[in-house]
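Heads up, the next two complexes both have chain A, just with different partners, chain B and then chain C.
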Partner chain A sequence: MSSDYDYSDEEYDDDEEMLDAEDGEPSTASDEEMDIETDDIKVISKGKKKLYEVEYDPLTQAEVEDLMRGDVENISAIFGVDATAAALLLRHMDWNKDRLIDKYMDNSAAVAAAAGVSPASKASSPGPERPRRSTRSASKTHRKVDPAPQPFVCPICFDDTQVETSELSCGHAFCTGCWNAYVTGKIREEGEHRISCMGEGCGVLAPDNFVLKVLDGDTETAGRYQELLVRNFVASSRNLKFCPYPSCTHAVSCHVASRSSLATVVPTVSCGADPKHKFCFGCPIEGDHRPVLCSVAKMWLQKCRDDSETANWIKTNTKECSKCQSTIEKNGGCNHMTCKKCKWEFCWVCMGPWQEHGTAWYSCNRYDDKTGVSARDAQSASRASLERYLHYYNRWANHEQSAKLSVELYVKTEKKMEEMQLSTALTWIEVQFMKKAVDEVEKCRTTLKWTYAMAYYLEKSNQKELFEDNQRDLEKAVEDLSELLESPIEAETIPTLRQKVTDKTVYVQKRNEIMLEDTAQGYEEGRWKWNTPVEGYD
Partner chain B sequence: MDARLRRVNKEIADCKNDKSTNIEIDLIDNSPFHLRGTFEGPQDTPYAGGRFNVDIAIPPTYPFQPPKIRFLTKVYHPNVSSASGAICLDILKDAWSPVLTLKSTLISLQSLLNSPEPDDPQDAEVAKHYLTSRSGFQETARYWAQVYAGAPGAKSGDAIALAGLETAHVDRFESIGFERGKVIDVLRRLNYRGANIAKIPEDKVVEELLKN
Partner chain C sequence: MAAVYMRRLGKELREIETEAPPAGLRLLKADDFDTWIFQIEVLGDSLYRGERFALKFRFDNTYPFSAPAVQFVVDSQMRAPVHPHVYTNGHICASILGEDWSPTLSVISVCITIQSMLASCKKKELPEGNDTYVRTAPDNPKKTHFVYDDDTV
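What follows is the complex of A and B.
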C-alpha cells in the first residue's frame, strides 16, 4: 500500500503547494501585515493567498473589546478627558474618530452636550434648584452625613429614609435604589446601552463607571451591558462584523468591504470559531456565495423568492395570447378564446386564429395548419425566458439540496469509516480520506450552486462559454466523487477505492480552485458582462 | 413597603388632595395597579365640557417604565384610536421619565386633546379628516364629545354625524340602492368630506361599494 496522501502522480504535480496553501488558509490574514493604513486593499496576489480570497482577521469577543478600548484610550488622550467621557463621545459619533475629532475641535461644548456627557446648557437645564457642583467628573455619589434641615425625598419612590443618592453631571439626584432599578430595567428589559438621566427631558447619559457603580455587583447585568456596548461598537464599525451563526460571539475585521470593491471582490470570511462559520462580509448572506458578486447574489435570491413558484405555476397552467403575449389561464368553457386585453380570438388547442376554424366549434383537428404552427412558435419564444430561468433555478436548487443532504452523507461516511477500521488494518487516521472527500464535495456544491446564479445573469459570449466549461468540469468531477462515496465497501477493494477517492478529492479541489480563481480574475479584468444592470458594476 | 406601591399610593393621595386640576384617579378593582383616570376636556376645544375616562395599568416596573393608558371614553382625535382608545403620545413610550407622575401624564393627555399632532397619527382616518376639513373635524369631535363624554347638548348617536359625513351625501348613494351602513362605512374610509369630495369621482365610490 502506498503511503497516505501521496498524491505525487505527474498529473497533480502542484498538489504539495496547494495542500500547503490550504493548511495555511485560516491564518493567511493574520500572518501578513495587518496594518490598517491600506484602506481599500483589493485582492492581493502575493504569497500563498489566492485571487479569490480576501484579507481578514477573525476576532474573539475579548479582541473586539481590546479594539474598542484602544479607540477610547486614543480619544481620551487626544481630548484630555477621562475614558468614560471619551466612550460616550465615540458612541455618539458612531465610533467615527475622524468626525468626532473634527466636530469636537470645532465646538467641544456642543458635542459634549449632544453626546450626553454634560448638561445641554445652564439656562434650559430643567434641574431642580440645588447647588450645582462645578466638577468635570461625570458622576458623583455622595453620602449625606451632616443632618440637613430637610431630609432628602427621592422624587421617584418618595422615600425619605434613603441616605444614599447619586447624580450625573446634571445634578438631578435620586436615591441609589431607584437608579439601580432604572439602570437594570434599561439594560435587561430594553437592551439599551444609552442610559439617560431619570430627570424629565434631561439628555445627560450615564457613563460606564456610573452604570457599574449603581449596578452594585450585579455581574450578570453588568455582563449584558458590556455585551450591548460591544454590539454597538461592532454595528457602528464599517470594517467589523459579527459572525451570523447562532450563539457565536466571534467577529471578523475586514477592510475590503467598501462599496466600490464589492464590484470585483466577494469577501468571504470565516470567524475562526468553527471552519463551518463562513459568511460574506459584504452582504447579509449567511454563507459562502463565491463566485457570485454580492449584488448579483442578492438579485438572484430576490428573483427566486418572488418568481420560482409562480414561474412553475405559470409554466404548467397558462398559455400566452398569440397576438399580444398576455398570460392567459383557461379556467373553463370552450376552446374559443377571446383575449381580454387585445380581443384577439384564437383556439386554445392549436393557438391558431379562430376564424380559420370555420364551423368546427368546440373541436380542433387542425394541428399542423401553418398559422397554428407560427402562433405556437411565438408562444414558445415567450416561454423560453421562463424555461431559461427554471433551467438555472432547478440546478441551483438541486445543489443547495444536495449540500444540505451532506449532513446525512457525513453520518453514512462515518459509519463506513468505522467499518473500514474494523474490517481492515487501517487506523483511524488512515480512513480520514473519506471525511475529507465529503467536506470537499460540500464545499464544491456550494460553489456550483452559485455558478448557476452567475450563469443566469451572464451575457452570452465566449467568456460565458469558458465559464460554463469550467462549471461543467467541476460538476462532473463532483458528481464522480459523490458516486464513489456512495459505492459499497468491500474489504478487498478498499485500497483501490481509497486511492481513487483520494485522487478524485484532489482533482475536485483543483477544479474548484480553478473555477474560483478564474472568476475572481475575470472580475479584476472586467471580463464578465451581465445581461442586466448590476448595482455598482459598470 | 414595596417602592412601587408606596409611590402609587402617594400619587393617588396627592391627586385627591389637589382640587385645582379637577383630575381624578380611582381604583377600578381593588388593586392600586389598575386605575381609572378622569379629566375634563380642555376649554375652547370641541372636547370642552366632556369628561374623559382613561384606563391606567401600572406595570411591575413602574415608575421606570411608563404606565399603559388608553381612553375608555370614545374620542374623535387624530392621536387616539377611534376604535380601541389607544393613544399615540411620546411620554407614554420612549420619552417617559420616572419623575413623571400619573397626574402629570393625565395633564399631558388633556393638552394632547388641545393640540393634535395629525402628522404622527394613531387613527389615520381621523387624521385625514382633520387635514381635509378643520371645521368638519371639529364638528364631529364635538358631536362625539356630546354623545360619549357628556358634553353639554347631549345627543343620542346618529351614525352619519358620528362618521363626520353629510346626510345629503349618504342619502344620494343610499338612493342608488346601497345599504345605509355600508355607504357610511365607505364614505368615511374614502374621506368623503369638504374639498376632498371634488377629488373622488362617483364611479370610485360605487366601485368601493360594490367591492364586498
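What follows is the complex of A and C.
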C-alpha cells in the first residue's frame, strides 16, 4: 500500500489502557431470591440526575447489535457498497466512521484493499499454487461458464470428489469442506473474527455472509462469530463498555467519560441486568469507587498492593534506632541493643539509652523515664507517615471486609425477616425494610471505603476537615444501622425496631447522598487539593 | 477434519517419497502422522556451510488449517543453528508458522522457507532474550506468541 494511506492512531488510542477491562476477581455478588425491587439506579438514570451521577444507557447485547447494524447501514448507504463490505471497512477503521469516510473518499481502492474487501491489486497477489483449473479459468474471467474439463482438486485436502467450491473476491477457490473446517477453527479455536482467504499471503477477508454460508447452519459457531463481532465493536467504541461481571452480556453506553472529564466525575454505571452490576466506566475497577476519582483510586490500589503487607510487617516487627533512625528487626537475644550502623546502645523495650539501665538486662521497668519517653517520641515521629498510611488503609480494608461479608448478612437478614413474619402479623412486603436497610448499609460501606482512599490523598485543609466531618457522620450512621440490624428480635419490640430501622435507613441514605453530592460538587469547583500529583488533575 | 488431516499428510508423504525432496532436505522419520523429522542443510555459500540440522514437525488433526509445530531438534547429537530467529531450545520465530500460516502451505514449503531463512543470514548470533525465553518457553512452540518484527531474514 502506498504511504499516503498510512494513518496515525494517536488521537484514538489514548484511552485504550483505561478502557481495557482487566481480568479481575470474580464478583461475590449473589442474588438468589433477592431480585425483588430497589433498583435505584434505573430510577436515577431516568429521573433527575444527581451531581455525582453520569448519564448513560444500559444496553442488552441485542441493542449493541442494533447500534452496530446502524453504523454498517449508514456506511453502506454513503458508499453504495453492500452491508458486508461496509462492515469489513468499519472493522478495519476500528469503527471510526469519520475517519473511514475521510480515507475512503480519498482513495477508495486502497482502503478497500487494506480492509480486505478486495484483492490488494489486480496484477499482483498471485496466491499460492492454485488449482490448475481455476488459475487458468480465472485468467479468462469466464470461470463460471467454463465447462469443467477435469475434476477440481482442492489444493488443501487434495480430494477430487468434492464438487462444491467457494472463493472470495480474490478468486482463490477451495472446496467448501475445507472452508468450513478453516472458518470453524478460526472462530472456535483462535477466537478470531478476521478470517482471511486460505490462499498464502492473500489478504482478502471473508465477509459475514460468506462466513455464515460456509458454516452451513452450524448455529453454535455462527453465534460465537456474532459474539466476536460484537466484542470487537464494543472494544473499538470508546463510548461503549461491556459489563465486567462474569457471564454478563450487557453493555453500557456513556458519552461523558472522556479522559479530561475523569478529573471531575466518577462515571459509575450499571448495565441494567442486575442492580449489583455496578462498575466504573472510566477505569477497570469492577465496582463503584465513588467518591474518589479514577486516577486516585488507581494510585491507592497500587499503593495498597505494594505497601500494605510490608508496612504492616515493618510496623509490628521493627523499631528504629533512637539515634540514627535505622530500621531494626530484633530477631533474638536480650533487650540490650547495639545499632549496627551508629553503635548506639539502647533498650528495645523503652527505647531509652542503655547506660541508664544499669544491670537490669532482662526486664525494663523504666518505661516512664524521661529519656525513654523522648526517645519514643522521636521514634513515633519518624513513623508518622507509616502510621498515617496504615490508619487509612486499615479503615479502608475494614469496610472492604464488611462489604465482602454482606452475603452472609443478607442470609442472616432473610432468616430474621422470616422470623418476623412468624411472630407478628407483618407480611413479606412489610418486612422488606430489613433488606432495604442491608442494601443501604452495603452501598454506604462502599462509599466509606473509598472516602478513606480519598482522605489519604487530600491535602490538609479546612475542606478536608469538612470532608472528614461528612465521612464521620456517614460512618456513625452506618454503624448505628448495622448494629440495629444485628440486634436480636423479640416479638414485642418489632414495631419499634421497624420504625427505628426505617428511620435510620432514610438517614443513612441522606448522609451518603450528602457525602457523594459534596465531593462531586467539590470536583466541579476545584475545591479538593491533593497532597501528591494526580494524573489529569491540576 | 481428521479425514482431511490424514489424506493431506498421506499425499504430502507420497510426494516426498516419489519425487525426491528439494536439494538439502532429507526425510529422516515419518512413521506416523504425529511427528516427522527432516535433515536440513543449506547448500551453496552460506554461514551454515557443512552444518546439518534436524527439523521436527508435530501435527494434530487441525492440520493443515492450523500450522504444524515446527522446531529444530536439540538433543545429545543435534544442535539448533545459531541464528537471530532460532532459540537454543530449537524454537523458531517465523511468521509463517504463526499468523501468516496458510492451509495451502505444506511441510516441504515450510522446510524451504526455513532453509532460505538460514541461507540469507548475515551474522550468526542468538536471538535477543534467548536465555529468558529458553528458561520459560513452553514445550510446544505454537503456544508462544511471537512478535514478528524483522522481515529481512
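FYI, the second predicted complex is superposed on the first by the 409 of 538 C-alpha atoms of A that agree within 3 Å, B and C clash if a C-alpha of one lies under 4 Å from a C-alpha of the other, contacts with A are read in each partner's own complex, and residues count from 1 in each chain.
Keep this in mind: a contact is a pair of C-beta atoms (placed from the backbone, for glycine too) under 8 Å apart; a residue touches a chain by one contact, two chains touch by 3 or more.
As the structure is a computational prediction, the values presented were derived from the model and not from experiment.
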{"item": "Combined model on chain A where chain B meets chain C, clash or fit", "value": "clash"}
{"item": "Touched partner set for A:V438, first chain B, second chain C, both or neither", "value": "neither"}
{"item": "First, second, both or neither for A:C283, with chain B first and chain C second", "value": "neither"}
{"item": "Contacts of A:V111 with chain B and chain C, given as first, second, both or neither", "value": "neither"}
{"item": "Common interface positions of chain A, toward chain B and toward chain C", "value": "155-159, 174, 177-178, 181-182, 185, 189, 198-202"}
{"item": "Footprint of chain A on chain C - complex, ascending", "value": "1, 4, 7-8, 11, 62, 64-66, 100, 102-105"}
{"item": "Residues of chain A touching chain C in the complex", "value": "127-129, 155-159, 174, 177-178, 181-182, 185, 189-190, 198-202"}
{"item": "Contacting residues of chain B [partner chain A, same complex]", "value": "3, 6-7, 10, 61, 63-65, 95, 97-100"}
{"item": "Chain B contact footprint on chain A (complex, rising order)", "value": "155-159, 174, 177-178, 181-182, 185-186, 189, 198-202"}
